[in-house]
Structure formats: C-alpha cells, structure tokens
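To keep things simple, chains are lettered A, B, C and D as they appear, and every chain counts its residues starting from 1.
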C-alpha cells in the first residue's frame, strides 16, 4: 500500500475551516474514505475554577469540533453511500474524575455523538466507531511534557501511533455484516 | 414537615441569572440545602439537520445550565461544608440513539459533570447525585403533548412527580457514610 | 415502627434450606414482604489456583444462593402479587480485577440475575433491586479482620449497617410508578 | 497464510477433556498461539422454571467451560510468556432480560472472568479479549432454526463467520503496546 501524506492545518472548532478542508481534500486529493477525529483537551480544572469561557473552550475543542468533523464527513459519505468515521476517546469518555469536570463532559459528549451517529448512519452504510485509548501516545511532545509528570508510569506504558493506526485500519476494513462500534486500547502493562 | 413553595423564573443558561437567583434565595429565604437540576431538551434532530446553533442551544439547555447550577450551588455549599446537588438524567444519559445526537451529547455530558463533581466535592461533604429517569413525568403538559405520540405506551407508563420527589428526598437524607451517586427510576411496567 | 428480630441460620446454597426457611417465616411470622440477599465470597485467587471446586464454591456462595433466594421469594410474592427483593452487589459486580476471577464472575452473574428478574417480575408487581456497596461494612468482624489489611483506608471509609438499612427501606417504600433497579452506595471519602 | 483445519470433539465442561485436548494439540500439532472460546447456551427460561439443575447446566456450558478453557490455555501460555485468549460474548453479557436469568448470569460471569484474566495475565504478556457479538451467526443450523423465529429480522441481519474470524485475527495481531480488551460486533442494519 502506497501512502502519500498531505499536511494542512485546520482549526476544527470552525465550521468554515472544516468545510473548506474537506472540500479541498475531495477536490484535490480523493474522496474521503475514512475520517478520524483525534482532538483532545485534557486540562485539569477544579469545578470552581471552571469559568463559562473555559467550559465552552473545552467543549469546542474536544466535542463540538468532533461534531463538525463527523457531520461534514457524513455529508460527503451519505451522498456516496459509504465511508468510515472514527472518533478517538479516552478513559474520560466513560468515567468522570475529580478536577476534570469539563474534560469528562466533553469526552462523554463526544462518545454519545458517536454512538448516536453510529445508529443513525450505520443503516446508510456509514461505519461510525469510537476507540477508547487508555494510554499516553508516543509522540515527541508527550515524551517531553506528559510522561515526566506520571510518577508511576513505566516506559512500556505508552502506545505507538502505528499500533493505533493498524487498529483503525482494521476497523475501516471490517465488512459491514460485522462492524464494531466501540473498542478500548491500552498497553499490556496498563492498570485499569 | 411544612413546605412553603416559592416560584421564580430563571433562565438557567445565563450565568448572571443563576447567580442572582441563588443570591436571592440565600438572602431572602434560607441557605441552599438541596439544589436539583431538571432542565432537559429532548429534541429529535438528524445529524445533518443539526446546525452549530442548534448544537449549542441543546448543549446550553441540557448541559451548560446544569454546569452553572452545580458550580454556583457548590460555591455556597463549600463555604458551609455541606449540601446536596442532584442532577436529573434520562436514558439518553447512558445510551445514544439515532436522531438524537445533540441531546445524547448534552445528557452524557451532564452525567460526566455530575460524576466528576461527586468525586471532587464528596470528600468536602457535598453530596452530588445523578438520577436516570427512564419515563415520562406526569405533568399536564406531558399528558397533552407527549403521551399521545407514544404508540405503545400504557397509562401506567408514567411517573408521578411526588414519587421522584420522595426518592430525591431520600438521597438528601442519606448519611454520608453511605451516599449514592447514581440510581435509575422507572415505572414497574416499563421495558428496558 | 416496631421491629422484632428473629435469627435463624440457613445455608443459602442448599435448596431445601432456603425452602424450609421461607416456609417457616411465612407460617410462623408473616408473609415475606422484603427479601434481601447479602452473601458474598470475596476471596482473592489467581486464575491458575482456581480449581473447579473453588470455582463452584464461590459461584454457589455468591451467585447460586442468590438465585435460590430470589426464586423462592418470587414464588410466594407472585402468588400475592407484591413484594421486594434486593440483591447486594459490590464493585466486583461491575468490574473485574486481577486475582479475583471467580469472585467477579459470581458477582457479575448475580447482577445479571437481578437485572433479568427485575425485567421479568416488575410487570407482575415484584420490585427487584441491586445495590452496589462500594465499601467495607462496619461490623466487628470487618473491623478486626479486614480494615487492618487496607493500607490507605481511613476510619471514615466504612459504611454503617444502619445506613444501608435505611436505603434498602427507601427502595422498598418506593411507589411502583417510580422504582429503582440499581444504585451505588459508598462513604463520602471513598475514591472511585 | 496456509490454514490446516483439525477437528476434534471435546466436552468443554469436563476438566479432563479440555486438558486432554490441549495436551494433544500441543503435542501433535503446534503450541497454542490463540485460543477462542465460543460455547453458548441461549435458552429462554422463566425464573420459576429455572431448576437448580438447569441453572448449573447453563452455568457449566456458557461460563464454567470458558473458565476451564481460559485457565488451561493460560497454563501453556504463561510458561512460554505469550498467547492470545478470546472469549465470545453476546448482548446478554452486558444486559439482563426477562426470561433469560440463567443465560445472562452465565454470560455476565464469563465477561467478568475475561476482564479479570485480562488484568491478571496482560502484564505477563497474555492478551485476553472479550468480543460481544450482537447478531446471529450465519451457519446452516442458525439459518434453519433461529432465523425463522425472528419476526423483524431482515436477511442482512446476520454476521458471516469469516467476518468474525478476521476481527479475531486482528485482535491476535495487535502489538502489545495497544491491546484491546473488549469490542462489540454487529451487522450494519442491526438496531441496538
């Protein structure tokens, strides 16, 4: 399989930006076959420190932008009657925690969007999935900024981008008689 | 127990409105002992019909207003080191469904807020609960507008406001060595 | 409310023992109005150390005895068309954990029994509930044998039997238009 | 990939039978790399009709035999420090239903076993998974005996064995930095 990487920046919280990006991809590259949404906003914040502005900022980053991405992808895919949309979740998608009200709200919300879209779009041949990644992902930024803050985390406790990519590819390649909506994914040594 | 009812209108999506209401109650009536959040926004809407404006409108009604209510109540309660905050959930709090992406997003989000606040505020002696009401509630408006749209719903398939009130009162009266975070509530004949 | 306590021993794993006990209560005391099942078997055991004998022993204690208790109670209650059956769960009812395969199996199984009975018997006016107690219960035996083994557990981290009893009583007193199937219960300081 | 199929019968409820089968495979064929447990026992049965004998029969078929299979596979795999064990679940693994107390008990129990084994054996490099198949599987027996009893089921509402096999193979091929414990799997047209 030959892979050509195209990189563009896009503020996924902006309706026009998502619309423009997808239009460009459809026009310049190829029809959207798989769309994956990854944006997070894992910011700790006590409830009393969560201003309305911060609430909406986190909601926009981790949830609304996923809604826009999914909806705009669905527009193209529904016309062609096929496609795969994958949303990346986290432990906060299924569990609240002290000091993470806004983030948990946004991730639970994103999961509900995915689950509703899966039920609505599945019978129209669009495969919608939600993958709960219960781990840090091995990127240079994470290695420098996040790992050092995890006291008890061992070096194995991190997932490679390639491993995630393989699992996402498998989701996309499932035949429609056996689609997966949700799966979790974590390193072998992770406690949960 | 003598109950005096005070009725005021309040747009719970407005920070200043919630602040003003709670200040007024604290000043004119009594310290807030229990605060219950009920606002819903059970509007069906296909994903392609969900505009950004509608997304945020439903988010504001069913989720952001709960966040404001909970946060502002917590301010008073944390100062006194006691209080009960109860959020009203629905089946959409734990299950997405076709045509209800935005509503499910908001209700899942509210549940995550409640779960995070319970973990954060519990050890500070604030009891936060989330009650999943899996039924229509018996009010004149529901009897006229909602029940007739339910083909298979029998007359027993509706919950009385008093029954909900009793359960909420029991939650408030739990001693803190045995607090409940979450419970469901439905009529005996309901399928689930 | 005047409460008279009758104490009898009964091996709840034995069909005849449960049958005899319920018959005796019905004959000598009063019709069974509420039946509560509490037996646990929280024994740590690695998977390779779990012999078939131990598997069934734990299954019998924590799950089969609950099945017998529920079924035999249902026989009397269905004849009269009313009654409440409450099963006591634990964190292991909803979460597996390393070294507790057999116990988690039995507690998950008990919860499934309760959930299925609730759906089957609810429309026949039998209220079936499952309460997940996420804490040690304050009994002399627990104080002596269990608490000392919990490194990080503070004295507040224990629930009083009376608090559980009150919550169970509230479940029994719910009117049938608003029954609860499941609720959790833990001390305010508990992490979860 | 060349596949050679060997077929032997084995009563998975019998400890000696599982032991003998695995020993034979290890000796005559190859080391166990992946072990998949599929036995079900989806028998409807009202709670009052569920005799102790039937309770244990269903428990043995759908749960105990999975325990034996998993434990015996783990013995070989732990010695070599690698392997994959996959348990097949159903909707009854996560949801009780009227008339299926015993089956739901056994499937919930099996899921708890899988979840506990995954946590215990994962850090020892054994990958344990649980796949919730929410559909009928396309076999001659199912086509003749089960499908005709499903009023509203369309021909598409069935999953091919090959589709399941591909997903299971993908689970086995995941690298250990990104293992999945649980996933669901259903036809695109399925309601859930």
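Keep this in mind: a residue touches a chain if its C-beta (ideal position, glycine included) is under 8 Å from a C-beta of that chain, and two chains touch if they have at least 3 such contacts.
All values reported here derive from a predicted model rather than from experimental measurement.
Colleague: Check every other chain and keep only those touching both subunit A and subunit B; list them.
Modeller: Shared contacts of subunit A and subunit B: no chain.
Colleague: Name the chain whose C-alpha centroid is farthest from the C-alpha centroid of subunit A.
Modeller: C
Colleague: Could you work out how far subunit A has to rotate to sit on subunit D, using CA atoms and steps of 5 degrees?
Modeller: It is a rotation of 180 degrees, to the nearest 5.
Colleague: Just how far, in Å, is the C-alpha centre of subunit D from the one of subunit C?
Modeller: About 28 Å separates the centre of subunit C from that of subunit D.
Colleague: How many angstrom lie between the CA centroids of subunit A and subunit C, rounded to a whole number?
Modeller: About 40 Å separates the centre of subunit A from that of subunit C.
Colleague: Of all the residues in subunit D, which ones touch at least 2 other chains?
Modeller: 119, in rising order.
Colleague: Viewed as a graph of touching chains, is the assembly arranged as a line, ring, star, complete set, or other?
Modeller: Ring.
Colleague: Strictly by the criterion at the top, what is the full list of touching chain pairs?
Modeller: Final set of chain pairs in contact is A-B, A-D, B-C, C-D.
Colleague: Enumerate the contact residues on subunit D facing subunit C in the complex.
Modeller: Where subunit D meets subunit C, its residues are 15, 46-48, 50, 52, 55-56, 59, 63-64, 67-68, 70-71, 74-75, 78, 92, 95-102, 104-121.
Colleague: Taking the touch rule as given, give the residues of subunit B at its contact with subunit C in the complex, in rising order.
Modeller: For this pair, the touching residues of subunit B are 119, 122-123, 125, 127, 135, 138, 156, 158-160, 163-164, 166-167, 170, 173-192.
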